[in-house]
Amino acid sequence: MNKYENGLKIREAVIGKEASKLVSDSLADIAPILDQKTLLEFDEAKTRNILDMKQREMITITTLLTQGDTSNQLNIHIQGALNVGITRDEIIETFVHCLPYVGFPRVLNAVSVAKTVFGKNKHCE
Amino acid sequence: MNKYENGLKIREAVIGKEASKLVSDSLADIAPILDQKTLLEFDEAKTRNILDMKQREMITITTLLTQGDTSNQLNIHIQGALNVGITRDEIIETFVHCLPYVGFPRVLNAVSVAKTVFGKNKHCE
Amino acid sequence: MNKYENGLKIREAVIGKEASKLVSDSLADIAPILDQKTLLEFDEAKTRNILDMKQREMITITTLLTQGDTSNQLNIHIQGALNVGITRDEIIETFVHCLPYVGFPRVLNAVSVAKTVFGKNKHCE
Amino acid sequence: MNKYENGLKIREAVIGKEASKLVSDSLADIAPILDQKTLLEFDEAKTRNILDMKQREMITITTLLTQGDTSNQLNIHIQGALNVGITRDEIIETFVHCLPYVGFPRVLNAVSVAKTVFGKNKHCE
Amino acid sequence: MNKYENGLKIREAVIGKEASKLVSDSLADIAPILDQKTLLEFDEAKTRNILDMKQREMITITTLLTQGDTSNQLNIHIQGALNVGITRDEIIETFVHCLPYVGFPRVLNAVSVAKTVFGKNKHCE
Amino acid sequence: MNKYENGLKIREAVIGKEASKLVSDSLADIAPILDQKTLLEFDEAKTRNILDMKQREMITITTLLTQGDTSNQLNIHIQGALNVGITRDEIIETFVHCLPYVGFPRVLNAVSVAKTVFGKNKHCE
């Protein structure tokens, strides 16, 4: 299994098969190189196993929240956080922990995305 | 022990007694309310025990790296990360994990601060 | 009247009863702690009476404009600015004053939100 | 021809007559001074002829991508980039070149806007 | 008196003669156009007299605090705020008011610059 | 010649041998993976030859200026811009072109770095 295939396997495990396919499809015509590069990132992250997938997704949703204008990416990675076993309470607490560092607007935006993602996962409770 | 005293105890445990005193001293004349507010944050973080201190400091250094113009705060919280038991390799890997989300400049700035902090902790190795 | 009740009274006065209820309702299921924290902020702001409510809302819309990705919050606080007595011309001039510091995109985004909010207040002219 | 008329002529040439009119119309009631100021900017950019219009639009879409929360402006200036003769491949490569400096979220957001703009120009291929 | 002369007079009144000369001198060799453009901004701000100079400097230090990486500019405009009659307490309260919107790092950075500026003005107390 | 060797050759050509070695040395002990990753970026940029090196460095200094808190990186890439043949006037005009999009603070910070870099290249005039 080469790096791209391994990256795909990990990406599917983290963000879900459907979301992974959506990423590929949306980039296929216009910038396929970006799709390949995300695969390499997922492959690498797993290879350097200093942090586990729960820690990685917690870091990911933190950096996305902080950066702003990332609702599409938060959407994918809040689902990713759930997929790798982070609980809803831990996701919200991650966001609340960021409050003194970034203020309400960034945190409330992220909570709003979380609400949508949690709503879609209702049947899984 | 009231909330301020408890917050102080936790802040001293996380960022160190000396750094905690420096924060208080630097704000004493000009904006003591901000010192009190940081104490409340440390008190609260501990009270809502959904995340442990290692997770919290990992989130903190991630949000600081992402935000930019935070070298003073990274300085304090990279030391905080070491103090609560995050290893050097985990700190650097946290920064490297952020690379695909924020790019080189933010990550290299954070690594540069980490180098200074790790240097000061050499005797502890 | 405790701090939360006082904060609620001030929040209702600034952003309006309806918007205040929307904030509470949207956070009730997912992160009620954030609702309580905004109440404390409104309570505090009034207690430290160094700045009046007009100055505070002017500062608020300035920081929101500058930060970016804050259209939801600008929506609420442009209404808040009107509610505490800032005129439309003063709101727009606040945004125009920011132009040399932040550039057109942030300013035009804020003006666009203002246009929507002013439109909703037409009957009050 | 005065500076405003010259600026209008250049703005129409770069972003298109229709988009130029939309900018004017959207600001006419609320902040006409901002419309006039954009005209002055277009006039000036042409006067200081150190960079050509292709270089200017390449710089513009780069700064917009980097800043975030600029989808409206990217929409206008990706079309502008096409209008002054930058190819689709060059636009996408400009975005991909930014990846190591700003990370995936900013780049993917810009690519997503480009996809919409390219779609509207299909008949011109 | 033309626009540049009027702008210079206002800039000197706001940020001080010495700081105004430093801005000109630092840009003289490398980008004199930027010096001229700041003069136009000061001229314009006064002409559109919807906000007074105290309000303008309060907005200015707010947008600079929020943006980050602006210690040079904050240095000049915190002095400017004092020069137009904003008190130290009002400056600090402006920064504290931003806390729930932007978080501690931006606010503490601004307070740190204020401390330096206030120190230089000690003889004026 | 493998990708790392090719990347090194290009990095040396763009930012200079000395600066390239400084990057490697500063990361050797703490995060060598980041040094390797920058080499891959330089290798790739050259391979995808849709944009030439002058265009790439112009994009690079634009994204760095816009992002803020990037004086170290601007230092390296303003020199890089000179090395690949962008003139001083073109560099300054690139920064001035960004002014209406990002405002004075970011532009003045970049001009200040350019002044230092240009000063070091005085003997080459």
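Details
As written, the chains take the letters A, B, C, D, E and F, and residue 1 is the first residue of each chain.
Simple rule for what comes next: a residue touches a chain if its C-beta (ideal position, glycine included) is under 8 Å from a C-beta of that chain, and two chains touch if they have at least 3 such contacts.
All figures in this text were calculated on a predicted structure; none of them were measured in a lab.
Here the chain-to-chain distance from subunit B to subunit C, counted in touching steps, is 2. Same-residue interface: subunit B and subunit D share over half of the residue numbers found at their contact.
Each chain's centre was taken as the mean of its CA atoms, and the one lying most distant from subunit A is E. In whole angstrom, the spacing between the mean C-alpha positions of subunit A and subunit E is 40.
Distance between subunit C and subunit E, defined via averaged C-alpha coordinates, is recorded as 24 Å. The distance from the centre of subunit A to the centre of subunit C, with each centre set as the mean of the Cα atoms, comes to 31 Å. Residue positions of subunit A touching 2 or more other chains: 33, 37-38, 48, 64, 67-69, 73, 96, 99-105. Taken as a graph of touching chains, this assembly fits none of the simple shapes: it is neither a line, a ring, a star nor a complete graph. The complete set of chain-chain contacts reads A-B, A-C, A-D, A-E, B-D, B-E, B-F, C-D, C-E, C-F, D-F, E-F. Those residues of subunit A that touch subunit D in the shared complex are 26-27, 29-31, 33-34, 37-38, 64, 67-70, 72-73.
Within the complex formed with subunit F, the subunit D residues making contact are 37-38, 41, 45, 48, 50-51, 55-56, 58-60, 62-67, 73, 89-90, 93-94, 96-98, 100-102.
Touching subunit B in their complex are the following residues of subunit D: 99-105. Across the complex, subunit D is touched by residues 68-69, 92, 95-96, 99, 103-109, 111-112, 114-115, 118 of subunit C.
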